[in-house]
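This is the structure I have questions about; it appears just below.
Letters are used for the chains, namely A, B, C and D, taken in the order the chains are written, and counting of residues starts over at 1 for each.
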Amino acid sequence: MERSEESLFSVHTDLALEERESFPGDGGEIAGVEVHEWERKENGIRITEVIIKDAQGAEKMRKPVGAYLTLEAPELADRDEDYHREVAEELASQICRIFERHGIMAGSASILTVGLGNPDATPDSLGPLVLERLQMTRHLNLEYGKDFCAKKKYPVLSGITPGVMAQTGMETAEIIRGVVSETDPDAVLVIDALAARSVHRLGVTIQLSDTGIYPGSGVGNHRGSMTEEEFGVPVFAIGVPTVVGAAAIVKDTVDAMIGTLKREKATAGYGDSIEAMDPDEQYELIRELLEPQFGPMYVTPHNIDERVENLSYTISEAIHAALFRETVRAGEKA
Amino acid sequence: MERSEESLFSVHTDLALEERESFPGDGGEIAGVEVHEWERKENGIRITEVIIKDAQGAEKMRKPVGAYLTLEAPELADRDEDYHREVAEELASQICRIFERHGIMAGSASILTVGLGNPDATPDSLGPLVLERLQMTRHLNLEYGKDFCAKKKYPVLSGITPGVMAQTGMETAEIIRGVVSETDPDAVLVIDALAARSVHRLGVTIQLSDTGIYPGSGVGNHRGSMTEEEFGVPVFAIGVPTVVGAAAIVKDTVDAMIGTLKREKATAGYGDSIEAMDPDEQYELIRELLEPQFGPMYVTPHNIDERVENLSYTISEAIHAALFRETVRAGEKA
Amino acid sequence: MERSEESLFSVHTDLALEERESFPGDGGEIAGVEVHEWERKENGIRITEVIIKDAQGAEKMRKPVGAYLTLEAPELADRDEDYHREVAEELASQICRIFERHGIMAGSASILTVGLGNPDATPDSLGPLVLERLQMTRHLNLEYGKDFCAKKKYPVLSGITPGVMAQTGMETAEIIRGVVSETDPDAVLVIDALAARSVHRLGVTIQLSDTGIYPGSGVGNHRGSMTEEEFGVPVFAIGVPTVVGAAAIVKDTVDAMIGTLKREKATAGYGDSIEAMDPDEQYELIRELLEPQFGPMYVTPHNIDERVENLSYTISEAIHAALFRETVRAGEKA
Amino acid sequence: MERSEESLFSVHTDLALEERESFPGDGGEIAGVEVHEWERKENGIRITEVIIKDAQGAEKMRKPVGAYLTLEAPELADRDEDYHREVAEELASQICRIFERHGIMAGSASILTVGLGNPDATPDSLGPLVLERLQMTRHLNLEYGKDFCAKKKYPVLSGITPGVMAQTGMETAEIIRGVVSETDPDAVLVIDALAARSVHRLGVTIQLSDTGIYPGSGVGNHRGSMTEEEFGVPVFAIGVPTVVGAAAIVKDTVDAMIGTLKREKATAGYGDSIEAMDPDEQYELIRELLEPQFGPMYVTPHNIDERVENLSYTISEAIHAALFRETVRAGEKA
């Protein structure tokens, strides 16, 4: 979750799901974008797959071409270990499925995992925490012979927690590109904390995508991208929103107030005033309030440390289940 | 910074300075409240002392009777070590002064320091981080004879990081009361992260008070209070705001928008609509937006880990300077 | 594991089991000491109970009167989660049993847990790590009414990680005594890293006792003791050896060499030379080698971080199983 | 400090100084090895430079050709900040000097720093702790234009904490080689915890070398080497011994006892017995005692956390002084 400061004052979301919801008439068709939704009755997990098929869809969605799968599991906010395990199983199946589409066999491929984010900033520490929990195996091939993992039916798993640019003086993409070219994995799997637009998604939504990571606004600026184009192997990402930009919160509130006023008061004029306000003016106002000399502000839940800790367990279990257990298979999915 | 959830949706501030600013006609007199302000020309540090003199002032200010000293040092946001040292010196002088008023001699007293907050949640880790940096001495008396510190001209310094209630199952006040009654210090000095109302104060304002700590709204509920009344010795507190309640941000923005609309459009009616909205309705709207099923939200700067780290250095240096160095004396202050 | 420096050069062990083994003719009777041993066939866990019955036994064993139960589970060194769970179940049963003997009902009593040791020094961080994993409940009574835990059939669990004397300036015993007198638990349960005499016991032996904690050599010096006598409630302790004093290692090697020489060479005189060496001379020699100006040395395994991490899981699971699950009952034990 | 297990039972040292001392007649000449020694009178810092000039010297010293500079500063064991600063200044001068010999200008070169070791194991966390304290600058060139550092007279500093093989599944050398080839620094500077032979050197000796890092015994096995040959740029290393192999301690004690016996008793036969013991037999005995099923053992001081913390400050200050301050110049050195 390292992005250019500019993007923070726009009402940015890392979730394809939220981007799509922002279109007027939510349920409608968007050219170049396909959407599938289903729900697991047994546990209430809701899955949405947004597929951006072409350049037209990419431009509209402000996200690159590819698949974005979202698991929504509201009860993740609670501590129930069994429920976390069910979500992990679901995520494991989806990891197998998305890997398979790119010709990666989850159980035997060599995967480089990357824990993006700042281990010292709680909401940004999800990636590093997941990496701490993963059981690496690639070094066993170095120590006990290059077929060791294959014989044991282990995947060839490696991982790195690169830190953020202020800590390393390097773009994360530079570090990962170097490690990829040295260690030659079949795929890269990035774990990262995301920014959402709605506080209701914080910590209860998991996004799985196959499009790589684009710091900043997503399209255009290629510096720092971690993509198949850059690395030569598919780049998958698992992300969970842990913060909302403060500007998004404010904008949503103002919009809601306008909506309420409009609904409640028939009188023309009421409620139009702010809406009528020049967007630039609105932006300037919010900027003054939310951008002190020391940079952008984030909104995060009060118990974020506990939630990130729990989610790191869920995600690491999912990755282990997808890669290590032979019994979990993509085919299980309808 | 452990407080009841209710208080988080009110537009609460832990800063006496901000409470006072909220009165209409900012500069005016408030019965029972005295205010002094001055500025250090050499470094631009602005000092405000709010003294709540009696019950009348306490009720108005929603804070207990006592002295609240605020240092505002906007450049604290930058990393300059020399500036941090100047702020530490200023804070050291003020610590000596406020101690002296209560008959505590900074250089020789026995002081129990308390690092409040959750070490695992970055914005709430200020207290624990300061405690990590403090050089304790009380045990030297236990090891080398009870006059050891006196002979060395050391203060008798001890400290504890109690953790938060979910981690301990105990009120912090229970733990500290027990430790005070066992170890019998002359005074307690609490270090804590605070909630402010304005993002512009985050990380650049230090409050020093002699009134103890009241979890929650401050007045009324005595459970969990850490005060002279409870402990039998003066309780001082050093606090730095590191978060703003999300509700405060939203309320400020809406207020600012109304203000702007009123100023800019002469037409009556414009801008009044939201203002006219029932406060309960406003509250309900904000609540819906900001209170997902998992509790209250906070706003915090993007680089909060760095800022809390730097501030913990500044505050620990100030405490060391106040207690250890003979050359820093309360008398130096004008 | 905070003890006076002197004790470190003696060949000290915190394990009653090892103390007893040090008597000549290992299997023999010691007046005032009772020993029971059994083994769980299903998992190879070996249990030894050393009961020091009176002052005579205490003097001989250099440990206070009480029960010392030791679980030896060599496979704890490996990472198998299932095995760790079996050990946790066994330990849970023994916790229930030892509690019961003191009239403490594991499922409903109010227990204060204490994580002794230095969280910043890996081999000494076992206690703090266990505390991080425990699920406290006592605060639920404060928040939701004083019968909340009873209704839910929860124990009333609280806990503290006091830190070590150099970090707090206080004796750990002072802090705990204060907390006990404020929060009034039925019993105290201390978790601590121990020093053993043999490297073969590091990380694979768990000692459970009902005699409290005596810093230093155990008998004589009462400063800093955490005992029923001091606190007014029973003090149980769970300890795992994570270090061996360097002096113990050296002494054992020299003894072994002498033994080997004696066995292998029939010639009188051979091998007697070192044995004949004045013990004071031996001590002086070891001291010179092992006591640089900066204090005593410890021996610890290379992967101590991983082992302490795994053990903290096992012990926290055992405590949870003993206190929370109604199905685990002392009666299950033969 | 990641090395093959075999090397741990040999009496290995990472210090060229100690390797040289192990030769009989300590002061004598070794073909292919040059030694210079001097002492700073003002602060008692003793500096020894061991230069291995050719293959003959390398074979004898079991270390590669190159320069090994050792600073011995016994008072580093104490906490005096001023003394740490003096040592940092001395180390800074030596860094500048050794850089200069390889044509690297400390103030303007682009340097990749590497914090080797395991951040979760206290004695092995020196490298990661130093990296946490370093102020990176290379990203400023990426953000503000590629001459930014040059204009500000900053070095181009970057850094990475790669973790150990069990955490990453990769050889550290693979990660660094990848990062070097992507980011193209002028030199690599590795910071690592070392193993010494004598406990008296723990934490009070700093070794600076220009030969790179060879895991394991140093010569022969090239897998995992971090050297100029491998990376194409000079590889410097700063190391501080924080552990002694348990086997080294035992061997030293036994040797000392034999020596004492020989000196003290004129009688032939006394003291010869152990010396006469077959080295293989000795090894087997030590192995049995020190190698439980779970691997090699280390000796480390009781307050290792504090010492590593203080040393990380000293070394990071030295690196900052060497690279950032124009006033510290190699020329200052006699």
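What we mean here is this: a contact is a pair of C-beta atoms (placed from the backbone, for glycine too) under 8 Å apart; a residue touches a chain by one contact, two chains touch by 3 or more.
This is a predicted model, so every value here is computed, not measured.
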{"item": "Chain D and chain C - chains in contact with each", "value": "none"}
{"item": "Centroid comparison with chain C (C-alpha atoms), farthest chain", "value": "A"}
{"item": "Distance between the centres, which are taken as Cα means, of chain C and chain A, whole angstrom", "value": "45"}
{"item": "Separation of mean Cα positions, chain D and chain A [Å, integer]", "value": "41"}
{"item": "Overlap residues in chain A, where contacts from two or more other chains coincide", "value": "166"}
{"item": "Each pair of chains that touches, named by its two labels", "value": "A-B, A-D, B-C, C-D"}
{"item": "Contact set on chain D toward chain A in their complex", "value": "131-132, 136-139, 142, 156-163, 165-171, 174-175, 177-183, 223"}
{"item": "Of chain D, residues touching chain C in the complex", "value": "8, 74, 77, 118, 120-123, 166, 199-200, 202-204, 244, 246, 249-250, 252-254, 256-257, 260-261, 265, 269-271, 273-274, 277, 281-282, 285-286, 288-290, 292-307, 309"}
